[in-house]
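Shown below is the structure under consideration.
Letters A, B, C and D mark the chains in the order given here, with residues in each chain numbered from 1 onward.
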Amino acid sequence: MSKVKNAKNGTQLKSQMTDEELLKLEAKYCSWGDTVHYVDKPNIFSECAGCYLYDRNGTEFLDLQMWYSAGNFGYNNKRINDALIRQVDKLPQLACQYLHEEKIRLAASLAGRMERTAEEKGRIHFNVGGSQALEDSLKLVRRQAGRSLVFAFMGGYHGRTLGASAITSSFRYREHYGHFGERALFVPFPYCFRCFYGKKRDSCDLYCLKQFEKLFESEYYGVIDRKTNVCEFAAFYVEAVQGTGGYQIAPREYFAELKKVLDRHNILMVDDEIQMGFFRTGKFWAIEHFDVTPDIIVFGKALTNGMNPISGVWAKEKLISPKVFGPGSTHSTFSSNPQGTALGLEVMKIIEESDFAVEVPKKGRYFISRLKSLQKKYPQIGDVDGLGLALRVEMCEKDGFTPNKRLADTMEEIGLSGTLSTGGKKRGLVLDIGGYYKNTFTMAPSFYITQEEIDLGIDLFEEALIRALKRG
Amino acid sequence: MSKVKNAKNGTQLKSQMTDEELLKLEAKYCSWGDTVHYVDKPNIFSECAGCYLYDRNGTEFLDLQMWYSAGNFGYNNKRINDALIRQVDKLPQLACQYLHEEKIRLAASLAGRMERTAEEKGRIHFNVGGSQALEDSLKLVRRQAGRSLVFAFMGGYHGRTLGASAITSSFRYREHYGHFGERALFVPFPYCFRCFYGKKRDSCDLYCLKQFEKLFESEYYGVIDRKTNVCEFAAFYVEAVQGTGGYQIAPREYFAELKKVLDRHNILMVDDEIQMGFFRTGKFWAIEHFDVTPDIIVFGKALTNGMNPISGVWAKEKLISPKVFGPGSTHSTFSSNPQGTALGLEVMKIIEESDFAVEVPKKGRYFISRLKSLQKKYPQIGDVDGLGLALRVEMCEKDGFTPNKRLADTMEEIGLSGTLSTGGKKRGLVLDIGGYYKNTFTMAPSFYITQEEIDLGIDLFEEALIRALKRG
Amino acid sequence: MSKVKNAKNGTQLKSQMTDEELLKLEAKYCSWGDTVHYVDKPNIFSECAGCYLYDRNGTEFLDLQMWYSAGNFGYNNKRINDALIRQVDKLPQLACQYLHEEKIRLAASLAGRMERTAEEKGRIHFNVGGSQALEDSLKLVRRQAGRSLVFAFMGGYHGRTLGASAITSSFRYREHYGHFGERALFVPFPYCFRCFYGKKRDSCDLYCLKQFEKLFESEYYGVIDRKTNVCEFAAFYVEAVQGTGGYQIAPREYFAELKKVLDRHNILMVDDEIQMGFFRTGKFWAIEHFDVTPDIIVFGKALTNGMNPISGVWAKEKLISPKVFGPGSTHSTFSSNPQGTALGLEVMKIIEESDFAVEVPKKGRYFISRLKSLQKKYPQIGDVDGLGLALRVEMCEKDGFTPNKRLADTMEEIGLSGTLSTGGKKRGLVLDIGGYYKNTFTMAPSFYITQEEIDLGIDLFEEALIRALKRG
Amino acid sequence: MSKVKNAKNGTQLKSQMTDEELLKLEAKYCSWGDTVHYVDKPNIFSECAGCYLYDRNGTEFLDLQMWYSAGNFGYNNKRINDALIRQVDKLPQLACQYLHEEKIRLAASLAGRMERTAEEKGRIHFNVGGSQALEDSLKLVRRQAGRSLVFAFMGGYHGRTLGASAITSSFRYREHYGHFGERALFVPFPYCFRCFYGKKRDSCDLYCLKQFEKLFESEYYGVIDRKTNVCEFAAFYVEAVQGTGGYQIAPREYFAELKKVLDRHNILMVDDEIQMGFFRTGKFWAIEHFDVTPDIIVFGKALTNGMNPISGVWAKEKLISPKVFGPGSTHSTFSSNPQGTALGLEVMKIIEESDFAVEVPKKGRYFISRLKSLQKKYPQIGDVDGLGLALRVEMCEKDGFTPNKRLADTMEEIGLSGTLSTGGKKRGLVLDIGGYYKNTFTMAPSFYITQEEIDLGIDLFEEALIRALKRG
């Protein structure tokens, strides 16, 4: 935590309004259509530092989720903040129609890395916000294939623009918004704790993948013309580790085998790394755990550590060369804005200078070991798993399997109430719930979390669990 | 210009690369799919301040376009920069699932303003980037109407996500990206200099609007069931002043009359103010010139003065109340990020404390008067028009009417070459070309541009014109 | 009428039910979703012959509409009936997977005719029912262009399958059936009596066509990429004379000029002759009046004189050769069923042996002259026009222009009541209403109608008009 | 066979052309886009009677397929032919806008039957051709649900209009025709011989159905909003016995269980009986074997015994009452044409007067027993199954399982060559191939086939098999 300034010393913008007054204002003028009102009484935070959020009373909340993994490098990271301020001093603004050095360097840094690690020449196209980068990837796919339909995973989440919603599994995101003529065909993800086919991992022999492969055996399964080997679906959108879906981790051999099937039928693999990229799983891209190079990678969030957003796609040269994806193919006002690129460049430098490939898995292993200890005490902790510092904890009934959404909700609420007392002072705990049955804590702590902070997190988690179980 | 720091004194990040080296890197690793390569040799800029961009040699470019109107309040505006830095010190990051004060205050500021000026209660839903806000507006429309098709204007531009491309007139943006089942029905905009119907403004009696109205006379015109008064099109997307389309300004009575037609058939009016909002035209929203309150307003760009992007929609209560647009309706990671809201709040304060309603039109009038003087000298200047500081200059053949794209291109290229000599030193001029025939300079100077800077702009413009005419 | 047997001598299937009992049964078990219940009390007919329908009381109804032109060659045409019966004796059934002589001969007859008259090699693909042939034409278009959107006319009607409804102008046909992602862009038809643009035919200089052409001038009009000359719309669906739309007749030079525009941008012209083909307008195809060869022709209805349905498309070789439209491209059980082909072949023989090119226009001129005489007496007859025996009469207010749907409805109802007394006995008159304002009688009498029968029709029409005017 | 006239005595239309000349003409003027050219040298037939087709040399072909079940009641069935001729004498034509007795009686006969047998009030909507009736059913579904997407079965076939192609499993039917925004979600059919999940029928416990049911367990499986219980898919299109898919027969308890799942989520069941209706399976509708009443039934083909086509839908009152499916909802020229209704009425009378419920299963059992005897001799006969007279025979490799398309193709070709010699004279055998792997003979013999003719069929089948096996 040494790298972040002590937030408590920061200048305070004086505010005359109480929380209640602010909430009243919010109830009147803010749309409730975002995710704030998933809970009954939303929290107002006013400061942040390292692993912590602070409310307006100064109560400290340990954050185990870090903005869905946008804040990998800790809140209020001085080095990254300074990079932003330097850019603000010099070139805070520039229309993306013109070039600036940081854009070029960041693209070179990202695409150069792929050249070295994956031996694959490609290019970077920037945008702002993950969904917009996702939309750009859809354009690349359609441009190449001349078809618009794609496969995607059950449990997959790719954003909320209309195009991204069409390939995000949950129907709830489409329900009220008319017809989605590009709805993906959703394929079971290898979520082995709750196998869609009721198989067990040790004996399944990747049955789920074989079922996918089977689709190509007869034209009557509806996806391929066996005479022309043209598939109705132009690409398969994957998250190597599912994000919103609940931090499910696929078996290690899964994606390489999947890619073979896709290659056989000229189907592109698009890898959405928006949540899992930039070492969240202990490797630069989560897909690197699976020995496979996707055709397109979509990234965002942590590239700027949750500051001025910048997102983008990397694509293989043949998909994105100026010849096929020429000037004016796509565009957005803030697509490669100079603050975002400066932040991204600093993040890339930090990554180069750090040893996250070792540190993140190490911290992850420790965290999991502590969670597994808890699991032994509490049968309600059904599944504990993780890759790097992407961790999942499923809250269940006593049988350790039946999903217990209520228990997870109660624990989240207790954590956010800021009334936990572990460690001798009133504290809060920031947890987030995901998963197919909304019973899974998806944890994405700061890469700079210390062992002591992990221990604190475990203690707070246990306190919340005990209190929730008491409520019954 | 007093409000902006002198960019020349800023710390300089040392860079070992020459422009040529950077361009080589860019050619290798950057996608050319954005708008950078619309010109043969793109400029690299490294600093900015007030109305000026600076290349790496220190050459000063007067910018008359200000990032498509994202930079209304000048580059490197100290007050706005300071607001950003304050927020970076205190709460640089916060997941949008939680509340922070600036978000609430900004929503209240924007929606409260509508309550006072338009006597219309509504709410704000934030997002990041104009296209994403536009997509949110499409969700609001579909949610309300249960139908997805909309009207939009020929010449209209609403962004580049797939959903926004479907309602943006230019087919080029859709051409390579598959089928667009929600393609808008494009209606002629009242672009009176080149009337779609060949009419003259002084005698047309809004013929174009009457033709639109005629569509509702018989079910056989294809848009309405006269028995049920249900229209196939749920909304009409408008830009009060067309942006990318070429800064066309509709006749003052146009939109009020249009709204009457739409209301008669329960068609929503969605007003895209992404480019023209925040006093670009001399009023807060451009639509305010037209005495009409749209049902939904979409905004972005200048709200943060081109810094950390934040965008949003304002919608009438009945369209966006929690009852119809409940929690989880839409969402994005950076949708109401704290840096963006802090910037927006500062911009709103500046607006409150300034007199842009007087200043902007005054500067606009002066600018136009100077352009009109030029027009008298050069028959190639076909049309000069403007609203506030949104100005348009059409470059034509000698007849003053036939579009002359080549002339505009040459002038832009000369301006960007940084070789103009007006005012005694080597300078550049930043112009941008838009319009149906790509022959129109769309000018959006800083609100803080001085009379001297306008004069300089006119001189540089004339020099570029003379040199371009010489090239023949 | 000599060619048709006397229907009154036919064997009568004894029926114990009264009309009332039948109507009661109908109200219980028949869907009312077809067009029967457009009128309050539908007629039950039990026999037909020549130009006449007979109800179960033997009341004779003169039919001036002949099943929307399906019955061109008269009801109960002995020669055609005999051809059917011959086929029933010999080869009444055969799966369309196998060949039979009549299919081949009919295709050769139709395509051979095009070779001779239009000097264009092509092929015939059969189907059953006009809509299905229309759907086949959409497949040919999409196969060729790789795009699905098309232009079609305001007032156009192409059928009621979902695909045909998408390109039929009236929204009412789509309103309750979800999203139509292939909705055509509807272009004003040159319906000169009520010009969409308010022009007059003698001075318009085909303004409507020029407005269509204008769409291709700028990419911002939304239909074309001027750099690639690719149009967003793959084809233009036309009816040379609009059918359901109200028997509007385009100016003679219209379609040749339109075809030039389309050819310039590689847009196919698809000519829907389902209602107007087979000499209804005095030429084999209605489009032959306009000196232009479409790329695809769709036909149906009268090919079998309203008997066992067969329909089809003719397409230019390059669009339909086995190379591009290979085995299994499309198919339907009854597509070239032997009874249909035998009937079609007989109709083609009758056409060859007759002189409809002279007879039909001659009868049409006489009919129009009689209608024009009526028009002089009754200002409510607004427009009288016709091509061959496709005739239109617009019922208006006294001003001769304002559409008077009520008057037309009343006249139709009086005609169908079977209570007219012209000619000394109780008679009925079968009229059908079409047109953009549902005030137009579209008349399509039998080709064998005699001068006496035309006179009778005029008298009955006048009687109905007088009675309707009295009702007020 | 006593009921059909001896086709050999029929009048012969003299034809001067040889088969070769006709084929040459066909190659020039006929589209090859239908299914004729699935074989290299298509047969030309010129007469038919009972179970037989005759080519122009008088060679007799025993037809075991009967026009994909359109010819249930035998070719050239005198009674049915006479009904047609009676109608041709009396009311051969009538616009479907007017009523005629046969239409009402036929609707009453069909809907009345549902009232008696299924205790369900409903109505009939007629059309022409199965695909058009299918399109009408899509309209009923969309009208009711306000959504357009549907489930359908892998292996399902519902026609070739664009709308029907979207819900037909084979991608080949969509491949060249643009984007299909209403593509169904295809679900595995219980094709137990080749279970999609690799299960065995005796132990599977309807695993496939449970997998379908599982989709509704979590919103992340992509089909349902569990909060609102709204499913993204409005209906499930089923064939109780798959037709083109290969005459697969579902387990008896399957559809009742499926209907329970659908009812739970307000999903309509639409039963496509176009091929299997009218006692093909030994019951009026094939679905009657499964103790379930669908919400909509689509029918066609055999209703007119392959003569003048008429098709239709039956729907439950709440889906089709005039209140929800009012006048003008859909329509086609030939939708309830008098020849078709007269034929349908005669077929309904024959059905009433016959005992097909006993006769058809009895003949089917005999046929199957003979096929099973063959199966014992030839391991290449992999699966023999049947319901009523819908029979399936899968040709395989020696292992009795691996699909052997080549063997089936060769047998079909030998049968169609007309060179079999069983029974002492040169004969042909008409077989048709279907199934997921195109190795399945789908047999649909005439209901009037005699035991001797079945024996002949078996002998010819064996001869073809022996000759094909020799070819190797």
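Observations on the structure shown:
Here, contacts are C-beta pairs under 8 Å (C-beta built on N, C-alpha and C of every residue); 3 or more make two chains touch, one makes a residue touch a chain.
Every value quoted in this text rests on a predicted model; they were computed, and no experiment measured them.
Under the touch definition stated at the top, chain C and chain D share these contacting partners: A, B. Here B-D and A-D were compared by C-beta pairs in contact; the pair with more is A-D. Measuring from the averaged C-alpha position of chain A to that of chain B gives a distance of 32 Å.
Computed centre separation for the pair chain A/chain D is 49 angstrom, with centres defined by C-alpha atoms.
Rounded to a whole number, the gap between the C-alpha centres of chain B and chain D is 59 angstrom. Multi-chain contact residues of chain B (touching two or more other chains): 146-148, 172, 178-179, 181. Residue ranges of chain B in contact with chain C, taken from their complex: 147-149, 154-155, 169-172, 174-175, 179, 181-183, 185-186, 196-197, 211, 214, 218-225, 227-228, 230-232, 245, 435-437. On the side of chain D, the complex with chain B involves touching residues 146, 178-179, 181. Residues 5, 7, 10-13, 15, 17, 22-23, 25-26, 28-38, 42-48, 53, 56, 65, 67-68, 70-71, 75-76, 81, 84-86, 88-101, 103-105, 107-108, 110-112, 123-132, 135-136, 138-139, 142-143, 146-148, 159-163, 172, 176-179, 181, 274, 300-301, 305-309, 313, 315, 320, 322, 325-337, 339, 432 of chain B touch chain A in their complex.
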